[in-house]
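Next up: some structures, all given as structure tokens.
Common to both upcoming complexes is chain A, partnered first by chain B, then by chain C.
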Partner chain A sequence: MVKVIIYPTNSLILSDLVERFGHTPLAMMEKIKEKISTVGVDSPPLNITPEEPKMGLKYAAVEVPAGVRGRMAIVGPMIDEAEAGIIVNESPMAFGCMGCARTNELTKFLIRDRDIPVLEVDYPEDEDEAREFVYKIAEFLGSLSKDEKEGQE
Partner chain B sequence: MNDDAVVKVALVSCGSEYAGVHGELESVAGSVNARLVYPEIDVSILDTIGKEFGIEAASPDLRLMMARAKAVVEGITDVDGVFITSCFRCAEAAIVRNEIRRYIHKYSDIPVISYSFTERTTAATLMTRMEALTTIARRRHLLAREHQSGLTAGIDSGSTTTKAVIMKDDRILGSGWVPTIKVIESATEAFELALKEAGVDREDIQALGTTGYGRFLVGEHFKAQLIQEEITVNSKGAVYLADKQKGSATVIDIGGMDNKAISVEDGIPGMFTMGGICAGASGRFLDMTAKRLGVDITELGSLAVKGMQEKVEMNSYCIVFGIQSLVNSLAKGSTPEDVAAAACHSVVEQIFEQQLQEVDVKEPLILVGGSSLIEGVPKALSELLKIKVLVPPNSHLIGAVGSALLASGYVEE
Partner chain C sequence: MPQNDDDIITKLVVISSDSVLPIDAAMKVYESETSIVIKETCFGTMVTGPREAVNRVVEELVDLDRNHIFVKERGFPPGDERRCRASRGGGPRPGFHYLREEVRTLPMIGRALDDYDKKVPLKEVAHKKKLDVKKLAEIIESA
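Right after this comes the complex of A and B.
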């Protein structure tokens, strides 16, 4: 089982695909769930406090807007933790969306910058492309299991 | 809408919930009896709104802002005011924020304010802005008042000076102007001076209005009928004193601690900005310059109009380094006149760079606040903006006059 960071970081479809292949998706939903169920923190709607943009300083300097750093406080540790990554480019909002283009740029850069296996695919525009899209992701996720087994041997 | 009604404020923002400031926004809204609402939109519009609005922003949250602004303008969401906010230092958001504000201003008469936040933004920082927004929504009838009637008083408890006026039927009977030391004591002193000059007793005053930083404290102490922030009061006071109550106007108030630029329509503030990052852009800088030049603050203006700012090198806006630049210039042989002119130019240049970037400059441009009495300031502002600057009589008493004018609405009540 490999920890896979997905982009868009809140894509339910990607997260589900990763899980179906027996890996652990690193996705925004889980982290937000952790945030909002943290007892003792009362900063609705996401329970993000002014502390998060400070934690985000690890990923972006103070000159970077607070909203980007606040998002990075959640996304950044997931990227650090990841053992593999899948980036889907040019996807529509319904597929997953972080809301902020600057955060998207930084997130993709940091995933690419890690020395881990990363698959980059474009969002499909027709049925044939969709099959190819799922096939590539499946192949990538399958190869991660193989690598892991070989590593264990 | 009565004073007790909850004001519905549409929050048009991108990412305030990720910056940790959302709680502060909710808190400030609650403190002025307002409720933040989120205009509902059809999610499919996010794919087309960029082209429709005219800005194809890369950030989906900015497109969400455009869609929400459209929902407000088209009346899909019924609100009394709009608060537009985005991250400080985001260029894309700054473009969208400004254009959304113009858009709402152009296609509706809903009051709008905008602000760019950092994680350090607190409810206290936003208080004056939110208070102004809700006042415009709640008290339009009061702001429609064009004449002062009855015997009323206004006290402006500013950060540097406290001003008071006694007015009767559009005439200023007496005024008081003292440095602010202890808020209540200074207000009492200014009020007593004004009462003495007017020849009336405190008991005879039919209604009192307070404004300025100390408005709550002073208002409660004197049991004022009206306690109001400076944006509303100064807009009204400026067009009243300048006799420009109808149509468009721009009001610039250079205060002792911060500046305000307000776009006014028929005496009601529309877009406005408040500065306060550096005291180098405030009246305090001029005060320090006067002290360094060894002249009284009242003489600084006449010195400045004789000087040429171009002859003095000013390479910092900071109040400390700015004064240092002036000291260096004096040491190199610059004349006090040139140094005074440079100080005035520095203050108005900062207003241009900080405040006027977000406010349309529509004539007449009315300059108010104590600094407007320093002749070099309106001169420098006029040169910089290439338009005529109007300084109405009693411009330094703007807050007190505006308060007395608005308070007269309570005489009839």
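Right after this comes the complex of A and C.
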């Protein structure tokens, strides 16, 4: 079982596909759960403490807005922990709902920059693209399992 | 319910099936006699409880229609004040638009998973390319 970071980091489809094909998705939801169930971080609607932008300094320079650093305090450790990655480009939801385009750019850059297997696919717009999307992800996740078995042997 | 909050998780079960309705999923959870909380929603159900019980129940739910029921973990439990519309004065909850957008894609993904299981060979897909700058310049000049 390989820890796979997904981008968009809160994607239902990617999280489900990674788990379906036998790996562990590293997704934003679990990290948010850890954060909100920590005693002391319970002042709605804030989930971020002043500590987060400081932790984010590991991933982004001090001139970078605190919002990016705060987000990177959650996303950065996920990237460090990852053993593989799946990036979906041209995802319409990554604009807006995921908050911050600069954080997204930095997240993709840091995933690509790590020496781990990374699959990049485009968000599907029709049936044929959806099939290609699923097949590529399935084959990529299957190859991770093979690599893992070979590594153990 | 156990006292340890670490063991309590919430999973979103999104149903995009022609044969299974959210109520079927809810009934399946009620049948399971496990100490978990469920909430029916327009897209499926939310299941909250101890990790082991939730995983077991979700596995049973997914087995109802394996390729057309999708699951992800959710950070906030159902009814959490920071997310629940009841305490935020209405409007869509944060994250709803994202989920709605993905739910629209799920039927295609489900059919693709069916095809993958049946080992249907992949067709060559012609991808749309972005407009070349030279081509754009030609269009502007020709106008």
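Everything that follows uses one rule, which is that the second predicted complex is superposed on the first by the 147 of 153 C-alpha atoms of A that agree within 3 Å, B and C clash if a C-alpha of one lies under 4 Å from a C-alpha of the other, contacts with A are read in each partner's own complex, and residues count from 1 in each chain.
Rule of thumb we're sticking to: contacts are C-beta pairs under 8 Å (C-beta built on N, C-alpha and C of every residue); 3 or more make two chains touch, one makes a residue touch a chain.
Just so we're clear, the structure is a prediction, and the values are computed from it rather than from any experiment.
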When the two structures are laid over each other on chain A, do chain B and chain C clash or fit? fit
Taking the superposition on A as described, I'd like to know which of chain B and chain C A:32 touches: first, second, both or neither. second
Once the shared chain is lined up, is A:92 touching chain B (first), chain C (second), both, or neither of them? both
First, second, both or neither for A:50, with chain B first and chain C second: first
With the two complexes superposed on chain A, say which partner A:63 touches: chain B (first), chain C (second), both, or neither. first
Between chain B and chain C, point out the one touching more chain A residues. C
Looking at the overlay, does A:1 come into contact with chain B only (first), chain C only (second), both, or neither? neither
Chain C, chain A and chain B - angle at the middle CA centre, rounded to the nearest 10 degrees: 100
So, does A:102 touch the first partner chain B, the second partner chain C, both, or neither? first
After superposing the two complexes, find the smallest distance in angstrom between C-alpha atoms of chain B and C-alpha atoms of chain C. 5
Residue overlap on chain A between the chain B interface and the chain C interface 44-45, 92-93, 97
Contact set on chain A toward chain C in their complex: 10-13, 15-16, 19-20, 27-33, 35-37, 44-45, 47, 92-93, 96-98, 122, 124-135, 138
Contact set on chain A toward chain B in their complex: 42-46, 48-54, 63-71, 92-94, 97, 99-102
Which of the residues in chain C end up touching chain A in this complex? 5-6, 8-10, 12, 14, 70-76, 80-82, 95, 97-99, 101-103, 105-106, 108-109, 111-113, 115-116, 120, 122-123, 125, 127-128
Please output the residues of chain B touching chain A within their complex, sorted ascending. 14-23, 26, 43, 46-47, 57-61, 64, 86-90, 92-93, 117-120
